[in-house]
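Please find one structure pasted underneath; my questions will follow.
Lettered A, B, C, D, E and F in written order, each chain numbered from 1.
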Amino acid sequence: MNMNFNDTEQRELNSRLERKQMREMLTTYQNLLQGCFDECINDFSTKSIQSREEGCLMRCLDKRQKASERLTARFQELNQQMADKGGAPGQ
Amino acid sequence: MSFLFGGGRPQPSSAEKIAQAEMEFEMVMDAFSRLNSSCTRKCLPTDYREGELNKAESVCLDRCAAKFVEVSLKVSEKFQQDAANARGGQAGSGGMFGM
Amino acid sequence: MNMNFNDTEQRELNSRLERKQMREMLTTYQNLLQGCFDECINDFSTKSIQSREEGCLMRCLDKRQKASERLTARFQELNQQMADKGGAPGQ
Amino acid sequence: MSFLFGGGRPQPSSAEKIAQAEMEFEMVMDAFSRLNSSCTRKCLPTDYREGELNKAESVCLDRCAAKFVEVSLKVSEKFQQDAANARGGQAGSGGMFGM
Amino acid sequence: MNMNFNDTEQRELNSRLERKQMREMLTTYQNLLQGCFDECINDFSTKSIQSREEGCLMRCLDKRQKASERLTARFQELNQQMADKGGAPGQ
Amino acid sequence: MSFLFGGGRPQPSSAEKIAQAEMEFEMVMDAFSRLNSSCTRKCLPTDYREGELNKAESVCLDRCAAKFVEVSLKVSEKFQQDAANARGGQAGSGGMFGM
(Lines give C-alpha, C1' and ligand atoms only; values in the text may rest on other atoms or scores of the structure.)
Protein backbone atom coordinates (compact mmCIF):
# COMPACT_ATOMS: atom_id res chain seq x y z
CA MET A 1 0.00 0.00 0.00
CA ASN A 2 1.70 3.15 -1.16
CA MET A 3 -0.73 5.89 -0.41
CA ASN A 4 0.00 9.50 0.29
CA PHE A 5 -2.10 11.12 2.93
CA ASN A 6 -2.31 14.83 3.48
CA ASP A 7 -2.39 16.16 7.05
CA THR A 8 -6.16 16.15 7.42
CA GLU A 9 -6.43 12.63 6.09
CA GLN A 10 -3.59 11.46 8.31
CA ARG A 11 -5.26 12.89 11.40
CA GLU A 12 -8.59 11.30 10.55
CA LEU A 13 -6.88 7.99 9.82
CA ASN A 14 -4.90 8.06 13.05
CA SER A 15 -7.94 8.68 15.16
CA ARG A 16 -9.77 5.82 13.48
CA LEU A 17 -6.87 3.44 13.88
CA GLU A 18 -6.50 4.41 17.52
CA ARG A 19 -10.13 3.57 18.14
CA LYS A 20 -9.74 0.24 16.35
CA GLN A 21 -6.64 -0.56 18.34
CA MET A 22 -8.40 0.25 21.60
CA ARG A 23 -11.28 -2.02 20.61
CA GLU A 24 -8.83 -4.77 19.67
CA MET A 25 -7.07 -4.44 23.03
CA LEU A 26 -10.36 -4.82 24.81
CA THR A 27 -11.24 -7.89 22.76
CA THR A 28 -7.86 -9.39 23.55
CA TYR A 29 -8.48 -8.71 27.22
CA GLN A 30 -11.87 -10.38 27.12
CA ASN A 31 -10.50 -13.36 25.17
CA LEU A 32 -7.84 -13.83 27.82
CA LEU A 33 -10.39 -13.61 30.60
CA GLN A 34 -12.82 -16.02 28.97
CA GLY A 35 -10.07 -18.43 27.93
CA CYS A 36 -8.69 -18.69 31.46
CA PHE A 37 -12.18 -18.86 32.97
CA ASP A 38 -13.02 -21.75 30.66
CA GLU A 39 -9.89 -23.63 31.51
CA CYS A 40 -9.60 -23.01 35.23
CA ILE A 41 -13.14 -22.69 36.58
CA ASN A 42 -14.95 -25.99 36.48
CA ASP A 43 -16.28 -26.58 39.94
CA PHE A 44 -19.78 -25.29 40.55
CA SER A 45 -20.38 -26.86 43.92
CA THR A 46 -19.66 -23.45 45.45
CA LYS A 47 -20.34 -19.92 44.28
CA SER A 48 -16.95 -18.52 45.18
CA ILE A 49 -13.68 -19.18 43.48
CA GLN A 50 -11.59 -21.83 45.23
CA SER A 51 -7.92 -21.19 45.96
CA ARG A 52 -6.94 -23.98 43.57
CA GLU A 53 -8.97 -22.28 40.83
CA GLU A 54 -7.47 -18.90 41.61
CA GLY A 55 -3.95 -20.29 41.34
CA CYS A 56 -4.74 -21.80 37.96
CA LEU A 57 -6.32 -18.53 36.85
CA MET A 58 -3.32 -16.39 37.75
CA ARG A 59 -0.84 -18.76 36.12
CA CYS A 60 -3.05 -18.98 33.06
CA LEU A 61 -3.17 -15.18 32.71
CA ASP A 62 0.57 -14.89 33.22
CA LYS A 63 1.47 -17.59 30.79
CA ARG A 64 -0.94 -16.52 28.08
CA GLN A 65 0.16 -12.93 28.33
CA LYS A 66 3.79 -13.90 28.00
CA ALA A 67 2.92 -16.09 25.05
CA SER A 68 1.09 -13.21 23.46
CA GLU A 69 4.03 -10.84 23.94
CA ARG A 70 6.41 -13.37 22.47
CA LEU A 71 4.15 -13.95 19.48
CA THR A 72 3.80 -10.21 18.93
CA ALA A 73 7.59 -9.86 18.78
CA ARG A 74 7.88 -12.76 16.32
CA PHE A 75 5.05 -11.46 14.19
CA GLN A 76 6.70 -8.07 13.89
CA GLU A 77 10.07 -9.57 13.02
CA LEU A 78 8.55 -11.78 10.36
CA ASN A 79 6.52 -8.90 9.02
CA GLN A 80 9.69 -6.82 8.81
CA GLN A 81 11.57 -9.59 7.00
CA MET A 82 8.77 -9.72 4.42
CA ALA A 83 8.88 -6.00 3.90
CA ASP A 84 12.67 -6.09 3.48
CA LYS A 85 12.41 -8.80 0.85
CA GLY A 86 10.06 -6.53 -1.05
CA GLY A 87 7.09 -8.69 -0.29
CA ALA A 88 3.83 -7.14 0.69
CA PRO A 89 3.41 -4.64 3.49
CA GLY A 90 1.34 -6.29 6.17
CA GLN A 91 1.87 -3.27 8.34
CA MET B 1 -12.97 1.74 33.17
CA SER B 2 -10.77 4.66 34.11
CA PHE B 3 -7.63 2.63 33.72
CA LEU B 4 -8.30 2.20 30.04
CA PHE B 5 -10.00 5.40 29.13
CA GLY B 6 -9.42 8.95 30.11
CA GLY B 7 -7.08 9.17 33.03
CA GLY B 8 -5.90 12.73 33.06
CA ARG B 9 -6.81 13.75 29.56
CA PRO B 10 -8.21 17.19 28.79
CA GLN B 11 -11.93 17.83 28.38
CA PRO B 12 -13.21 15.39 25.73
CA SER B 13 -15.20 16.53 22.71
CA SER B 14 -18.80 15.46 22.10
CA ALA B 15 -17.75 12.84 19.58
CA GLU B 16 -15.16 11.43 21.96
CA LYS B 17 -17.57 11.24 24.88
CA ILE B 18 -20.12 9.45 22.73
CA ALA B 19 -17.53 7.05 21.33
CA GLN B 20 -16.36 6.25 24.84
CA ALA B 21 -19.86 5.61 26.18
CA GLU B 22 -20.56 3.48 23.13
CA MET B 23 -17.46 1.41 23.71
CA GLU B 24 -18.26 0.88 27.37
CA PHE B 25 -21.73 -0.29 26.42
CA GLU B 26 -20.27 -2.71 23.91
CA MET B 27 -17.87 -4.04 26.50
CA VAL B 28 -20.67 -4.81 28.92
CA MET B 29 -22.66 -6.54 26.18
CA ASP B 30 -19.59 -8.48 25.16
CA ALA B 31 -18.89 -9.48 28.76
CA PHE B 32 -22.42 -10.78 29.11
CA SER B 33 -22.29 -12.62 25.83
CA ARG B 34 -19.12 -14.40 26.94
CA LEU B 35 -20.55 -15.22 30.36
CA ASN B 36 -23.60 -16.59 28.57
CA SER B 37 -21.67 -18.81 26.21
CA SER B 38 -19.26 -20.09 28.87
CA CYS B 39 -21.92 -20.84 31.47
CA THR B 40 -24.28 -22.41 28.97
CA ARG B 41 -21.49 -24.69 27.86
CA LYS B 42 -20.48 -25.56 31.41
CA CYS B 43 -23.95 -26.05 32.89
CA LEU B 44 -26.28 -27.43 30.23
CA PRO B 45 -25.92 -31.05 29.11
CA THR B 46 -26.15 -31.28 25.34
CA ASP B 47 -28.71 -34.03 25.01
CA TYR B 48 -31.69 -31.75 25.58
CA ARG B 49 -34.06 -34.31 27.01
CA GLU B 50 -36.30 -31.57 28.42
CA GLY B 51 -36.92 -27.92 27.62
CA GLU B 52 -37.06 -26.78 31.24
CA LEU B 53 -34.09 -25.90 33.37
CA ASN B 54 -33.91 -28.37 36.23
CA LYS B 55 -32.74 -27.52 39.73
CA ALA B 56 -29.15 -28.63 39.26
CA GLU B 57 -28.78 -26.67 36.03
CA SER B 58 -30.28 -23.54 37.59
CA VAL B 59 -27.95 -23.67 40.56
CA CYS B 60 -24.98 -24.28 38.27
CA LEU B 61 -25.91 -21.24 36.15
CA ASP B 62 -26.23 -18.99 39.22
CA ARG B 63 -22.87 -20.03 40.56
CA CYS B 64 -21.24 -19.85 37.16
CA ALA B 65 -22.44 -16.26 36.73
CA ALA B 66 -21.14 -15.35 40.19
CA LYS B 67 -17.78 -16.94 39.47
CA PHE B 68 -17.50 -15.27 36.09
CA VAL B 69 -18.05 -11.87 37.65
CA GLU B 70 -15.60 -12.67 40.45
CA VAL B 71 -13.02 -13.71 37.88
CA SER B 72 -13.62 -10.46 35.94
CA LEU B 73 -12.87 -8.47 39.06
CA LYS B 74 -9.78 -10.48 39.91
CA VAL B 75 -8.44 -10.15 36.38
CA SER B 76 -9.08 -6.44 36.35
CA GLU B 77 -7.32 -6.02 39.70
CA LYS B 78 -4.38 -8.05 38.47
CA PHE B 79 -4.08 -5.92 35.35
CA GLN B 80 -4.23 -2.70 37.31
CA GLN B 81 -1.67 -4.07 39.75
CA ASP B 82 0.62 -5.12 36.90
CA ALA B 83 0.21 -1.72 35.27
CA ALA B 84 0.98 0.03 38.56
CA ASN B 85 4.04 -2.14 39.09
CA ALA B 86 5.19 -1.32 35.59
CA ARG B 87 4.76 2.41 36.28
CA GLY B 88 6.95 1.99 39.30
CA GLY B 89 5.29 0.84 42.44
CA GLN B 90 1.99 2.36 43.48
CA ALA B 91 -1.03 0.10 43.07
CA GLY B 92 -4.09 1.07 41.10
CA SER B 93 -7.29 1.41 43.03
CA GLY B 94 -10.93 0.85 42.35
CA GLY B 95 -12.43 -2.24 40.85
CA MET B 96 -13.76 -2.46 37.39
CA PHE B 97 -16.49 -4.78 36.44
CA GLY B 98 -17.77 -5.93 33.14
CA MET B 99 -14.44 -5.96 31.45
CA MET C 1 -17.94 6.66 33.82
CA ASN C 2 -19.29 9.93 35.06
CA MET C 3 -20.03 11.86 31.94
CA ASN C 4 -22.55 14.56 31.44
CA PHE C 5 -24.33 14.55 28.14
CA ASN C 6 -26.40 17.40 26.84
CA ASP C 7 -29.67 16.66 25.05
CA THR C 8 -28.20 16.42 21.55
CA GLU C 9 -25.45 14.15 22.70
CA GLN C 10 -27.88 12.01 24.66
CA ARG C 11 -30.12 11.57 21.61
CA GLU C 12 -27.19 10.66 19.39
CA LEU C 13 -25.88 8.25 21.99
CA ASN C 14 -29.26 6.60 22.49
CA SER C 15 -29.76 6.01 18.83
CA ARG C 16 -26.32 4.46 18.54
CA LEU C 17 -26.84 2.23 21.55
CA GLU C 18 -30.21 1.15 20.23
CA ARG C 19 -28.63 0.08 16.97
CA LYS C 20 -25.91 -1.79 18.84
CA GLN C 21 -28.46 -3.52 21.01
CA MET C 22 -30.47 -4.56 17.98
CA ARG C 23 -27.36 -5.97 16.37
CA GLU C 24 -26.48 -7.79 19.58
CA MET C 25 -29.99 -9.29 19.76
CA LEU C 26 -29.65 -10.59 16.24
CA THR C 27 -26.25 -12.10 17.01
CA THR C 28 -27.71 -13.78 20.09
CA TYR C 29 -30.51 -15.14 17.93
CA GLN C 30 -28.09 -16.53 15.39
CA ASN C 31 -25.88 -18.01 18.10
CA LEU C 32 -28.87 -19.79 19.53
CA LEU C 33 -29.91 -21.09 16.14
CA GLN C 34 -26.43 -22.29 15.22
CA GLY C 35 -25.79 -23.79 18.66
CA CYS C 36 -28.97 -25.85 18.57
CA PHE C 37 -28.43 -26.82 14.94
CA ASP C 38 -24.96 -28.05 15.79
CA GLU C 39 -26.15 -30.09 18.72
CA CYS C 40 -29.40 -31.51 17.37
CA ILE C 41 -28.94 -31.98 13.63
CA ASN C 42 -26.50 -34.74 12.90
CA ASP C 43 -28.22 -37.07 10.51
CA PHE C 44 -27.66 -36.31 6.84
CA SER C 45 -29.20 -39.42 5.40
CA THR C 46 -32.27 -37.31 4.61
CA LYS C 47 -32.71 -33.71 3.57
CA SER C 48 -35.62 -32.97 5.87
CA ILE C 49 -35.55 -32.62 9.61
CA GLN C 50 -36.59 -35.78 11.43
CA SER C 51 -39.14 -35.59 14.24
CA ARG C 52 -36.50 -36.70 16.72
CA GLU C 53 -34.28 -33.83 15.58
CA GLU C 54 -37.12 -31.35 15.76
CA GLY C 55 -37.89 -32.37 19.33
CA CYS C 56 -34.28 -31.89 20.32
CA LEU C 57 -34.22 -28.52 18.54
CA MET C 58 -37.28 -27.17 20.33
CA ARG C 59 -36.09 -28.30 23.75
CA CYS C 60 -32.66 -26.88 23.03
CA LEU C 61 -34.10 -23.49 22.11
CA ASP C 62 -36.36 -23.47 25.17
CA LYS C 63 -33.67 -24.48 27.57
CA ARG C 64 -31.01 -22.16 26.23
CA GLN C 65 -33.38 -19.23 26.21
CA LYS C 66 -34.35 -19.86 29.80
CA ALA C 67 -30.70 -20.17 30.71
CA SER C 68 -29.99 -16.89 28.99
CA GLU C 69 -32.81 -15.11 30.82
CA ARG C 70 -31.61 -16.50 34.12
CA LEU C 71 -28.04 -15.42 33.45
CA THR C 72 -29.23 -11.95 32.41
CA ALA C 73 -31.00 -11.54 35.74
CA ARG C 74 -27.94 -12.72 37.69
CA PHE C 75 -25.63 -10.50 35.67
CA GLN C 76 -27.75 -7.46 36.41
CA GLU C 77 -27.93 -8.25 40.12
CA LEU C 78 -24.20 -8.74 40.35
CA ASN C 79 -23.61 -5.59 38.36
CA GLN C 80 -25.87 -3.70 40.73
CA GLN C 81 -24.08 -5.07 43.79
CA MET C 82 -20.79 -3.84 42.34
CA ALA C 83 -22.19 -0.40 41.71
CA ASP C 84 -23.56 -0.24 45.27
CA LYS C 85 -20.20 -1.15 46.72
CA GLY C 86 -18.76 1.78 44.82
CA GLY C 87 -16.97 -0.50 42.43
CA ALA C 88 -16.94 0.29 38.76
CA PRO C 89 -20.04 0.85 36.69
CA GLY C 90 -20.35 -1.98 34.24
CA GLN C 91 -23.68 -0.60 33.14
CA MET D 1 -37.84 -9.41 9.19
CA SER D 2 -40.91 -7.43 10.05
CA PHE D 3 -41.10 -8.90 13.50
CA LEU D 4 -37.82 -7.32 14.41
CA PHE D 5 -37.84 -4.12 12.46
CA GLY D 6 -40.52 -1.61 11.77
CA GLY D 7 -43.92 -2.97 12.59
CA GLY D 8 -46.13 0.08 12.69
CA ARG D 9 -43.50 2.77 12.93
CA PRO D 10 -43.88 6.09 11.13
CA GLN D 11 -42.13 6.82 7.83
CA PRO D 12 -38.41 6.12 8.32
CA SER D 13 -35.72 8.65 7.45
CA SER D 14 -33.12 8.03 4.75
CA ALA D 15 -30.47 7.14 7.31
CA GLU D 16 -32.82 4.71 9.04
CA LYS D 17 -33.79 3.00 5.81
CA ILE D 18 -30.17 2.59 4.84
CA ALA D 19 -29.20 1.32 8.28
CA GLN D 20 -32.02 -1.22 8.15
CA ALA D 21 -31.11 -2.48 4.68
CA GLU D 22 -27.50 -2.69 5.80
CA MET D 23 -28.42 -4.74 8.84
CA GLU D 24 -30.55 -7.13 6.81
CA PHE D 25 -27.68 -7.64 4.40
CA GLU D 26 -25.35 -8.35 7.29
CA MET D 27 -27.80 -10.85 8.74
CA VAL D 28 -27.97 -12.79 5.50
CA MET D 29 -24.19 -12.83 5.22
CA ASP D 30 -23.94 -13.92 8.84
CA ALA D 31 -26.50 -16.67 8.30
CA PHE D 32 -24.53 -17.98 5.35
CA SER D 33 -21.26 -17.81 7.20
CA ARG D 34 -22.75 -19.89 10.03
CA LEU D 35 -24.28 -22.40 7.63
CA ASN D 36 -20.89 -22.64 5.95
CA SER D 37 -18.96 -23.26 9.16
CA SER D 38 -21.49 -25.75 10.57
CA CYS D 39 -21.87 -27.77 7.38
CA THR D 40 -18.16 -27.81 6.65
CA ARG D 41 -17.55 -29.14 10.13
CA LYS D 42 -20.29 -31.73 9.85
CA CYS D 43 -19.58 -32.96 6.32
CA LEU D 44 -15.85 -32.75 5.65
CA PRO D 45 -13.49 -35.23 7.31
CA THR D 46 -10.43 -33.42 8.61
CA ASP D 47 -7.71 -35.59 7.16
CA TYR D 48 -7.84 -33.98 3.71
CA ARG D 49 -6.63 -36.93 1.71
CA GLU D 50 -7.94 -35.36 -1.49
CA GLY D 51 -8.75 -31.86 -2.67
CA GLU D 52 -11.95 -32.79 -4.47
CA LEU D 53 -15.34 -33.14 -2.90
CA ASN D 54 -16.45 -36.73 -3.22
CA LYS D 55 -20.03 -37.88 -3.76
CA ALA D 56 -20.81 -38.54 -0.10
CA GLU D 57 -19.45 -35.16 0.97
CA SER D 58 -21.38 -33.33 -1.73
CA VAL D 59 -24.64 -35.00 -0.79
CA CYS D 60 -24.00 -34.29 2.88
CA LEU D 61 -23.38 -30.60 2.12
CA ASP D 62 -26.60 -30.30 0.09
CA ARG D 63 -28.69 -31.89 2.81
CA CYS D 64 -26.96 -29.92 5.52
CA ALA D 65 -27.73 -26.65 3.73
CA ALA D 66 -31.37 -27.68 3.31
CA LYS D 67 -31.64 -28.64 6.96
CA PHE D 68 -29.99 -25.44 8.13
CA VAL D 69 -32.50 -23.37 6.19
CA GLU D 70 -35.37 -25.51 7.45
CA VAL D 71 -34.14 -25.01 11.00
CA SER D 72 -33.91 -21.25 10.43
CA LEU D 73 -37.55 -21.20 9.39
CA LYS D 74 -38.67 -23.32 12.30
CA VAL D 75 -36.79 -21.19 14.77
CA SER D 76 -38.19 -18.00 13.28
CA GLU D 77 -41.74 -19.42 13.45
CA LYS D 78 -41.22 -20.47 17.03
CA PHE D 79 -39.99 -17.00 18.00
CA GLN D 80 -42.88 -15.31 16.30
CA GLN D 81 -45.29 -17.74 17.96
CA ASP D 82 -43.71 -17.10 21.35
CA ALA D 83 -43.87 -13.35 20.78
CA ALA D 84 -47.52 -13.60 19.72
CA ASN D 85 -48.34 -15.69 22.77
CA ALA D 86 -46.62 -13.14 24.95
CA ARG D 87 -48.67 -10.34 23.37
CA GLY D 88 -51.79 -12.27 24.20
CA GLY D 89 -52.81 -14.98 21.83
CA GLN D 90 -52.81 -14.30 18.12
CA ALA D 91 -50.09 -16.02 16.14
CA GLY D 92 -47.59 -14.23 13.96
CA SER D 93 -47.74 -14.97 10.28
CA GLY D 94 -45.26 -15.13 7.46
CA GLY D 95 -41.96 -16.92 7.54
CA MET D 96 -38.67 -15.26 7.81
CA PHE D 97 -35.59 -16.68 6.33
CA GLY D 98 -31.99 -15.92 6.80
CA MET D 99 -32.29 -15.04 10.42
CA MET E 1 -38.37 -5.63 3.18
CA ASN E 2 -40.15 -3.46 0.68
CA MET E 3 -38.32 -0.20 0.74
CA ASN E 4 -38.00 2.35 -1.98
CA PHE E 5 -34.70 4.06 -2.27
CA ASN E 6 -34.08 7.15 -4.30
CA ASP E 7 -30.87 7.45 -6.32
CA THR E 8 -28.81 9.11 -3.63
CA GLU E 9 -29.88 6.57 -1.04
CA GLN E 10 -29.23 3.71 -3.42
CA ARG E 11 -25.70 4.93 -4.12
CA GLU E 12 -24.94 5.35 -0.43
CA LEU E 13 -26.40 1.93 0.31
CA ASN E 14 -24.44 0.25 -2.47
CA SER E 15 -21.17 1.70 -1.32
CA ARG E 16 -21.83 0.54 2.23
CA LEU E 17 -22.82 -2.95 1.15
CA GLU E 18 -19.76 -3.19 -1.06
CA ARG E 19 -17.53 -2.37 1.88
CA LYS E 20 -19.32 -4.94 4.03
CA GLN E 21 -19.00 -7.55 1.34
CA MET E 22 -15.30 -6.86 0.98
CA ARG E 23 -14.85 -7.19 4.73
CA GLU E 24 -16.84 -10.43 4.70
CA MET E 25 -14.67 -11.83 1.89
CA LEU E 26 -11.56 -11.06 3.88
CA THR E 27 -13.00 -12.73 6.96
CA THR E 28 -13.86 -15.79 4.89
CA TYR E 29 -10.32 -15.83 3.57
CA GLN E 30 -8.85 -15.64 7.06
CA ASN E 31 -11.24 -18.31 8.35
CA LEU E 32 -10.12 -20.61 5.57
CA LEU E 33 -6.48 -19.93 6.29
CA GLN E 34 -6.81 -20.44 10.03
CA GLY E 35 -9.02 -23.52 9.65
CA CYS E 36 -6.52 -25.25 7.37
CA PHE E 37 -3.58 -24.14 9.48
CA ASP E 38 -5.25 -25.63 12.55
CA GLU E 39 -5.96 -28.91 10.85
CA CYS E 40 -2.79 -29.42 8.87
CA ILE E 41 0.05 -27.86 10.83
CA ASN E 42 0.77 -29.79 13.98
CA ASP E 43 4.44 -30.52 13.95
CA PHE E 44 6.61 -27.94 15.67
CA SER E 45 9.86 -29.84 15.66
CA THR E 46 10.89 -27.66 12.71
CA LYS E 47 10.21 -24.05 11.81
CA SER E 48 9.46 -24.65 8.14
CA ILE E 49 6.43 -26.33 6.69
CA GLN E 50 6.99 -29.99 5.86
CA SER E 51 5.95 -31.34 2.46
CA ARG E 52 3.37 -33.57 4.13
CA GLU E 53 1.90 -30.50 5.81
CA GLU E 54 1.92 -28.53 2.60
CA GLY E 55 0.04 -31.27 0.77
CA CYS E 56 -2.60 -31.34 3.49
CA LEU E 57 -2.85 -27.56 3.39
CA MET E 58 -3.42 -27.37 -0.36
CA ARG E 59 -6.04 -30.14 -0.34
CA CYS E 60 -7.71 -28.51 2.63
CA LEU E 61 -7.95 -25.15 0.85
CA ASP E 62 -9.23 -26.76 -2.32
CA LYS E 63 -11.82 -28.88 -0.62
CA ARG E 64 -13.09 -26.17 1.69
CA GLN E 65 -13.36 -23.70 -1.13
CA LYS E 66 -15.33 -26.13 -3.23
CA ALA E 67 -17.57 -26.86 -0.27
CA SER E 68 -18.10 -23.15 0.21
CA GLU E 69 -19.02 -22.64 -3.45
CA ARG E 70 -21.44 -25.55 -3.34
CA LEU E 71 -23.06 -24.23 -0.16
CA THR E 72 -23.34 -20.75 -1.66
CA ALA E 73 -25.22 -22.18 -4.63
CA ARG E 74 -27.56 -24.18 -2.38
CA PHE E 75 -28.14 -21.20 -0.09
CA GLN E 76 -29.13 -19.01 -3.02
CA GLU E 77 -31.47 -21.64 -4.44
CA LEU E 78 -33.15 -22.16 -1.09
CA ASN E 79 -33.38 -18.43 -0.57
CA GLN E 80 -35.00 -18.09 -3.98
CA GLN E 81 -37.51 -20.85 -3.24
CA MET E 82 -38.51 -19.03 -0.05
CA ALA E 83 -38.99 -15.78 -1.91
CA ASP E 84 -41.10 -17.52 -4.57
CA LYS E 85 -43.34 -19.03 -1.93
CA GLY E 86 -43.92 -15.54 -0.63
CA GLY E 87 -41.90 -16.20 2.44
CA ALA E 88 -39.50 -13.62 3.69
CA PRO E 89 -36.76 -12.06 1.64
CA GLY E 90 -33.42 -13.12 3.05
CA GLN E 91 -31.73 -11.42 0.16
CA MET F 1 -3.02 -6.35 -1.03
CA SER F 2 -3.17 -5.11 -4.56
CA PHE F 3 -4.98 -8.18 -5.74
CA LEU F 4 -7.90 -7.35 -3.54
CA PHE F 5 -7.94 -3.60 -3.60
CA GLY F 6 -7.39 -1.09 -6.32
CA GLY F 7 -5.70 -2.64 -9.29
CA GLY F 8 -6.27 -0.17 -12.05
CA ARG F 9 -8.95 1.99 -10.52
CA PRO F 10 -8.98 5.75 -10.93
CA GLN F 11 -7.61 8.11 -8.27
CA PRO F 12 -9.39 7.26 -5.00
CA SER F 13 -11.14 9.88 -2.88
CA SER F 14 -10.02 10.78 0.63
CA ALA F 15 -12.75 8.68 2.20
CA GLU F 16 -11.83 5.71 0.04
CA LYS F 17 -8.14 5.96 0.83
CA ILE F 18 -8.88 6.15 4.55
CA ALA F 19 -11.32 3.24 4.39
CA GLN F 20 -8.74 1.15 2.57
CA ALA F 21 -5.95 1.92 5.02
CA GLU F 22 -8.34 1.18 7.85
CA MET F 23 -9.26 -2.17 6.37
CA GLU F 24 -5.64 -3.15 5.86
CA PHE F 25 -4.89 -2.29 9.46
CA GLU F 26 -7.81 -4.40 10.59
CA MET F 27 -6.61 -7.31 8.48
CA VAL F 28 -3.18 -7.24 10.07
CA MET F 29 -4.70 -7.11 13.54
CA ASP F 30 -7.04 -9.94 12.63
CA ALA F 31 -4.17 -12.01 11.24
CA PHE F 32 -2.25 -11.56 14.47
CA SER F 33 -5.22 -12.38 16.60
CA ARG F 34 -5.71 -15.65 14.71
CA LEU F 35 -2.02 -16.52 14.91
CA ASN F 36 -2.20 -15.80 18.62
CA SER F 37 -5.21 -18.01 19.25
CA SER F 38 -3.96 -20.89 17.08
CA CYS F 39 -0.43 -20.93 18.47
CA THR F 40 -1.58 -20.54 22.06
CA ARG F 41 -3.87 -23.51 21.58
CA LYS F 42 -1.19 -25.58 19.90
CA CYS F 43 1.72 -24.77 22.21
CA LEU F 44 0.41 -24.20 25.73
CA PRO F 45 -0.77 -27.18 27.79
CA THR F 46 -4.02 -26.32 29.56
CA ASP F 47 -3.16 -27.39 33.07
CA TYR F 48 -1.26 -24.19 33.90
CA ARG F 49 1.05 -25.63 36.47
CA GLU F 50 3.37 -22.62 36.18
CA GLY F 51 3.00 -19.02 35.05
CA GLU F 52 6.27 -18.88 33.14
CA LEU F 53 6.81 -20.05 29.60
CA ASN F 54 9.25 -22.92 29.64
CA LYS F 55 11.84 -23.63 26.97
CA ALA F 56 9.74 -26.12 25.00
CA GLU F 57 6.73 -23.82 24.95
CA SER F 58 8.81 -20.85 23.84
CA VAL F 59 10.39 -22.78 20.99
CA CYS F 60 6.99 -24.11 19.96
CA LEU F 61 5.55 -20.58 19.87
CA ASP F 62 8.44 -19.27 17.75
CA ARG F 63 8.07 -22.07 15.23
CA CYS F 64 4.32 -21.81 15.22
CA ALA F 65 4.50 -18.09 14.41
CA ALA F 66 6.98 -18.77 11.60
CA LYS F 67 4.77 -21.51 10.18
CA PHE F 68 1.65 -19.39 10.40
CA VAL F 69 3.31 -16.63 8.41
CA GLU F 70 4.67 -19.15 5.90
CA VAL F 71 1.19 -20.59 5.49
CA SER F 72 -0.22 -17.09 4.98
CA LEU F 73 2.22 -16.51 2.14
CA LYS F 74 1.50 -19.86 0.55
CA VAL F 75 -2.22 -19.33 0.73
CA SER F 76 -1.93 -15.86 -0.73
CA GLU F 77 0.24 -17.18 -3.60
CA LYS F 78 -2.24 -19.96 -4.25
CA PHE F 79 -5.15 -17.52 -4.39
CA GLN F 80 -3.29 -15.21 -6.74
CA GLN F 81 -2.34 -18.17 -8.90
CA ASP F 82 -5.92 -19.40 -8.97
CA ALA F 83 -7.15 -15.92 -9.83
CA ALA F 84 -4.58 -15.60 -12.59
CA ASN F 85 -5.53 -19.01 -13.98
CA ALA F 86 -9.15 -17.98 -13.93
CA ARG F 87 -8.33 -14.78 -15.86
CA GLY F 88 -6.65 -16.90 -18.47
CA GLY F 89 -3.12 -17.90 -17.83
CA GLN F 90 -0.66 -15.32 -16.58
CA ALA F 91 0.38 -15.73 -12.94
CA GLY F 92 0.02 -13.02 -10.36
CA SER F 93 3.19 -11.67 -8.86
CA GLY F 94 4.21 -10.29 -5.52
CA GLY F 95 3.49 -11.88 -2.19
CA MET F 96 1.01 -10.60 0.26
CA PHE F 97 1.45 -11.00 3.90
CA GLY F 98 -0.87 -10.52 6.77
CA MET F 99 -3.90 -11.76 4.95
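Things worth noting here:
Everything below uses one rule, namely that contacts are C-beta pairs under 8 Å (C-beta built on N, C-alpha and C of every residue); 3 or more make two chains touch, one makes a residue touch a chain.
The structure presented is a predicted model; accordingly, all values stated were derived computationally and were not measured.
In terms of the stated touch criterion, chain A and chain F have no partners in common.
Counting C-beta pairs in contact across D-E and across A-B gives the higher total for D-E.
Taking each chain's centre as the average of its CA atoms, chain A and chain C sit 25 Å apart. Centre to centre, using the average C-alpha position, chain C and chain D are separated by 17 Å.
Taken residue by residue, chain E touches two or more other chains at 27, 58, 61, whereas all remaining positions touch fewer.
For chain D, residues touching at least two other chains, in rising order: 26, 31, 43, 62, 64, 66, 99. Read around the ring of contacts, with chain C first and chain D next, the chains fall in the order C, D, E, F, A, B. The residues of chain B lying in touch with chain C in their complex are 1-2, 5, 14, 17-18, 20-22, 24-26, 28-29, 31-33, 35-37, 39-40, 43-44, 46-53, 57-58, 61-62, 64-66, 69, 73, 76, 94-99.
Within the complex, the chain E residues that touch chain F are 19, 22-23, 25-27, 29-30, 32-34, 36-38, 41-42, 44, 46-49, 54, 57-58, 61. For chain F in complex with chain E, the touching residues are 4, 19, 23, 26-27, 30-31, 34, 38, 41-43, 59-60, 62-64, 66-68, 70-72, 74-75, 78-79, 99. Of all the residues in chain A, the ones that touch chain F in their complex are 1, 3, 5, 8-9, 12-13, 16-17, 20-21, 24, 27-28, 31, 35, 39-40, 56, 58-64, 66-68, 70-72, 74-75, 78-79, 82, 87-91.
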